[in-house]
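Chain naming follows the written order as A, B, C and D, and within any one chain the residues start at number 1.
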Amino acid sequence: MNKLPFIDVLAGKEEHGRKSDLASFEYTYQAEITNVYSLTNTEKLYQIQIIDPKERQRFCFKPGQFVMLELPGIGEAPFSISSSPLRHGDLELCIRGAGNMTNFLSLVPRGTKVGISGPFGTSFPVEQMYDQNIMLIGGGLGLVPLRAPIFSVLEQRSRYGNIDIIYGSRNPSELLFTYQYDTWRQFDIDLSIIVDEGDETWNGPVGLITSILEERIAAAGDISQNTFAIVCGPPIMFKYVCDMLVKSKMPIQKIFVSLERRMHCGRGKCCRCNIGSTYTCLEGPVFDYWSVLNLKEAI
Amino acid sequence: MKLSCDINVRHLTRVEGHGNIHIKIQDGKVEKASWDVVETPRFFEAIVVGKHWENAPYICGRICGICSIGHTLASIRAIENAFGIIPDKQTSSLRLILKHMETLQSHLLHLYFLAAPDFLNVGSVFPLIESHPDVVQRAARMKLLANDACDIIGGRRMHPTRTVVGGFTMLPEKNQLLQLKSRLEAVVADLLATAELFQTFSFPDFVRETEFVSLKGDKHYPFIGGDLISTDGVIKAEEEYLAMTNEYMVDHSTSKWSRLSRPSFAVGALARVNNNFSLLHPVAQEIAGRFSLNAVNHNPYMLNIAQLLECVHVVLDSISMLDELLDTPWQAPRTPVEPKEGLGVSAVEVPRGILYHAYEFDASGRIVHANCVIPTSQNNANIHYDIIELAHQYTAQGKSDSEIQQLAEMLVRAYDPCISCSVH
Amino acid sequence: MSPVERSYLGVPINKPKVAFFEMSSCEGCQLQMLNNEASLLDFLSLVEVVNFREAMTEKGHDYQIAFVEGSITRSDEIDRLKKIRKQADTLVAIGSCACFGGVNQLKNRFELDWVKKEVYGDYPIDTRKVEPLSAHVTVDLEIYGCPIKKEEVERIVTNLVLGKSIEHPKYPICVECKENHNVCLYDLGEPCLGPVTRAGCDSWCPSNRLGCWGCRGPVDEANVTQLKEIMAQHNFTMEQMLDRMECFGGFSEYITEMKK
Amino acid sequence: MLFRVIARNELENLYDMLAVNHVVGPVSRGDDTPTPMFDFDFVYDFKELRLDFPSTIHSLKRYVLPPKERFCTFTIQDNDWQKDVDLNAHKPIVYFGVHACDINALNKLDKVLSGSVYPDPYYAAKRKNMFVVGINCNPQPYCFCHSMGTDSALHGFDMFLTDLGDDYFVEIHSAQAFDCINKLNSREPDEQDHIRFLEITDKKLKKFTSHVDNTDLTKILDLEFQSESWKEWGKKCFSCGTCAAVCPTCYCYGITENVDMDLQGASKIKQLYSCNLLDFAEVAGGHNFRPDSYTRLKYRYYHKHRGFVEAFEEPLCVGCGRCGEACLAGITVPEVIASVRDKENNNE
């Protein structure tokens, strides 16, 4: 008689063609790997298309955000979206074979269905940067998250001032997106590349990324007023690059970085990505350098 | 007439542990016929020396994976005998059901997975999965029940966790026992079907007069403790086990051998049935009739049937013990243990025969000396003499080498030897 | 039989040929593989068993994965093991005996001569110091436990076949013990090695109200120093703690330190 | 809120009325133990309920955040698959006899798990189907809920009972609870009841012996980030996660995915984790952001007493003292915080 009613939290929650908040938690867009290109020995570029045309159109993201990619039974992991935001649910992800899921992914054929959820996280505020100069500084795989803001900037090239891309890699064979360098340069972008270790094919500079950065800063002159920086790369690089920018008087709130942590949910629940007590997945991965300085154990 | 044969089986398959069979007959004369145990010894009797009593069941249970419950219970009983602990009814019943379930699962494993392939002319149970799916499923179903029962009562089907000196660390829930009981009732039909299956097999009619040693049943078919008896009329108390086992070493074997009234004797299901036939459950006795198995039977291949009879017996016996347990409220699971100086001996019937554990403790309960006598080591000599006799008889009958090899392998398997156990 | 091609998410998955071998052991771990009647058929569809002396007569000699149980206690075992290593792409040590020496290594507490005499008198017997497999060959993967836990083995084998990397839990038994809603054994007046033992058995013993004996070996960065204090606080002797820690060999590197 | 008073013997009627549903409540665990212990479990008889329980070993958390939970299963055909999500909540459950701290813990969990962005439906489905009957408690030596402001519950329950001796004082917080109480013999509380109620609350306050000084704690934690005290505690810690497991508010987790042995299906399992476990902050490539046990232990305090405060203006700790009781190494919140504060005082 006092049987309590059972409350179905998901019932009748599909509104306006979009899932309710609760229903979206474990919701994955079904997407298909339409193309795979090998960029280097370990990195591949995956073109992934959300299968449902309506969903594909509705899928919107900002440069710097990431998605969770799921291979059933194998794993789920976060990846920065590396394609242009204008292309909606036609995504490009550049993924390094680093472990379980990513290695298995490198074996699956074209046409395989994967799960995509997101987009998650904060983004690089490219609108704030209108009329200003931008330095995009990437080390190694750090070029991947830079690619989305690069696309955004190129698409509205006239709204920005000088654009520098400074990219460092261990050796020439690990350089990513080599086929795009010419296009970038055509858009009046200063692209400088440096490798730790050259080889016979290489006739560019050899050394640490900071040495190039130093040159670029010197060339740019005063960066204290009208320049933003976007930095992405391994923790050790962060530290040196950001220090140098700060020393050169770039305001810390104009330096943006993207941090990497282990993530199991991407939704601010699992705590795995927490720095201090900040969720990298919610309040990051893009932080301004002020926030980073404020976080304990951030880099 | 065939006059010679030469058979060498290295690491006999579908038995537990490593053993070799060699038969060489030249011009009708047996030059060599032997059963060698080449397992590496692990020295359990030495490694427990200096250890506290609590360690013994835990370590000595690891003598054998198949009959780990038997070893654990034997070890516990030896310690309890040394310390003067007499388990209460609840503990005894639970232990016996646990033992029954080990017997059931071990016999079933042997009957279906190790022995049956011989009678169906295949190399293992794996091809039977496709050719005889119902048989394999039945075996799996029954074994699962036996294993689940061990999990429920002993905590784990192998190397049990709940069995300790003084009782159990914890008791099963009553509704688990209730479920167990109804599953056991359902399994009786499967056992009858097993009997039917084995009635279709033809057992070699090989006979060699043998002395059979087992526990002596009093009112019940014996499994845990009591007097020792042989078909040649020897009767001894549990503590006098050494007079029953008489271990000695032979050159070609790392396992010790045993003898009593004759150069060898046999232990195991057939020995138990031969010594205690009238105490078997009536249903089991009825099935014995179908195979014309009467006490005392001297055909070692009938060990398979003796195992089948015991399967029936333990299932029916467990059901009646469960009834009793379900009717009485739970008592405390264990009694406190106070170590004492002295010797403790226990004899327990494990699937392959009678097993003895004996420990000598110092005043603080540390082991000074240990001895374990394993059924297979008691059987090894008998297997050896069986093989010699078998080689004689079958060579004389003109069987081919491969037939003799097959029959010899089947004979050894019938004993279900647990070799690593025998060389512990 | 040729390996049957199967695929998972479009990636072809070979049915590897597997073989089982045993050195000195109770053969319980192998039996655990046969003991999983509920899932045996699925297991057999995942791999092709070509050698399993305990269960089959046929012996295949081309296998990719070798599961080896038991420890090394006699020199002929070293040769056998090396042959297996040569053939197998992946050599998996199963059970505490293979991984650490298991209960067998308790023998190493004594002089070999005494041990021989205690059990065999003057009869000559061949034996040597007990060692884990890794003392003689490279072991690709260790599956812990005495005995191994079937659910864990099945998961590991599935991952092995799929080519997924195998991660052992990096946390101690306590985690699983809490998951199982148990009362802590220390509160029940019993010692337990749970806080320093690698998880993965689903707290098999504590869930049955038996303190852990450490059969799976130490968790990474086991805090044995602290455990000593806790044992003392709960009135357990150093001897009781040592008995457990040396039982399966996993903690051998701590034992020498503790016995000092 | 509405208030009522029922006679002591009406309680069983209340139970019986609610017991048409599944009931979880405090039961005795381990009668053979030196000190009696209690835990929450499913209850099938009023007599099993031990409403006089001091505290339970585990909290209610396991019913809303099970230690292991299957998030979804997949059916796989070639390179196509379907995902099937099950929220694992199929029935309403009555929780009979919950202390204020545990109710407050649920309220805190609500903030992260159903209040913030991406609400968690697995949690919500179970939380929404709870009927909570609270009961007043008897502070134990390890309880410091008073310091955390969680010694009384303002919401998050359906009814709350306070034992007045012969009667129960009932706070009613939901329409359903109101329905129930109306079927019982109850009366409006009178002046005398108010006095008795206040007396009991007063008595309870006097019983607290453990305290945590929260003054400026967020700042102090930042200042003492490098304090040596952390290292001292770190030496004791087993990194065993027991504290998080028994904690009513710890909610971190990890995900593992497993493929079925027949390769035709897969499942995604959530396992509650703990920031104290060794690999909690390990990333691909093997870099561990918190490699030392003291950094992980410190992190737990940071999350609870600093980070959560920053986000929700209250700590993620209800002062139930379970973690300290369960920790074999004897690491307790009041002691850890006092030691860190102490360092700060010494520095001055």
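As a working rule, contacts are C-beta pairs under 8 Å (C-beta built on N, C-alpha and C of every residue); 3 or more make two chains touch, one makes a residue touch a chain.
This one's a predicted model, so the numbers in the text were calculated from it and none came from an experiment.
**Q** Mind having a look at which chain is the central one, using mean CA positions?
**A** C
**Q** Using mean CA coordinates as chain centres, what's the gap between subunit B and subunit D in Å?
**A** Computed value for the inter-centroid distance: 52 Å.
**Q** Once you find the CA centre of subunit A and the CA centre of subunit D, what distance in Å lies between them?
**A** Comparing mean C-alpha positions, subunit D is 37 Å from subunit A.
**Q** Between subunit B and subunit C, tell me the centre distance in angstrom, where each centre is the average of that chain's C-alpha atoms.
**A** A distance of 26 Å separates the two centres.
**Q** Distance from the CA centroid of subunit A to that of subunit B, rounded to the nearest Å?
**A** Whole-Å distance between the two chain centres: 66.
**Q** Which positions in subunit C touch two or more other chains at once?
**A** Where subunit C meets two or more other chains at a single residue, that happens at 8-10, 162, 164.
**Q** For subunit D, give me the residues that contact two or more of the other chains.
**A** Where subunit D meets two or more other chains at a single residue, that happens at 32, 76, 79, 81, 258-260.
**Q** For subunit B, give me the residues that contact two or more of the other chains.
**A** Residues: none.
**Q** Considering every pair of chains, which are in touch?
**A** A-C, A-D, B-C, C-D
**Q** In the complex, go through subunit C and note every residue touching subunit D.
**A** Listed in rising order, the residues of subunit C that touch subunit D are 6-10, 13, 39, 42-43, 45-46, 154-155, 157-159, 162, 164, 170-172, 174-175, 178-179, 181, 183-184, 186-189, 194-196, 219-221, 223, 225-227, 230.
**Q** Please output the residues of subunit C touching subunit A within their complex, sorted ascending.
**A** 8-11, 162-165
**Q** Please name which positions on subunit C make contact with subunit B in the complex.
**A** Per the stated touch rule, the residues are 22-32, 34-35, 37-38, 40-41, 44, 49, 52-59, 73-74, 77, 102-104, 106-107, 109-110, 114-116, 118-121, 123, 125, 127, 146-147, 204-205, 208-210, 213, 239-240, 243, 247.
**Q** Show which residues of subunit A lie in contact with subunit D when the two form their complex.
**A** Answer in residue numbers: 1-10, 21-26, 28, 71-77, 98-99, 102, 108-109, 111-113, 115, 235, 260-262, 264-265, 267-272, 274-278, 282, 296-297.
**Q** With touch defined as at the start, can you tell me which subunit D residues reach subunit C in the complex?
**A** By the definition above, subunit D touches subunit C via 29-30, 32-35, 37, 39, 57-58, 62, 67-68, 76, 78-79, 81, 235-242, 245-246, 258-263, 271-272, 274, 277-279, 293, 326, 328-329.
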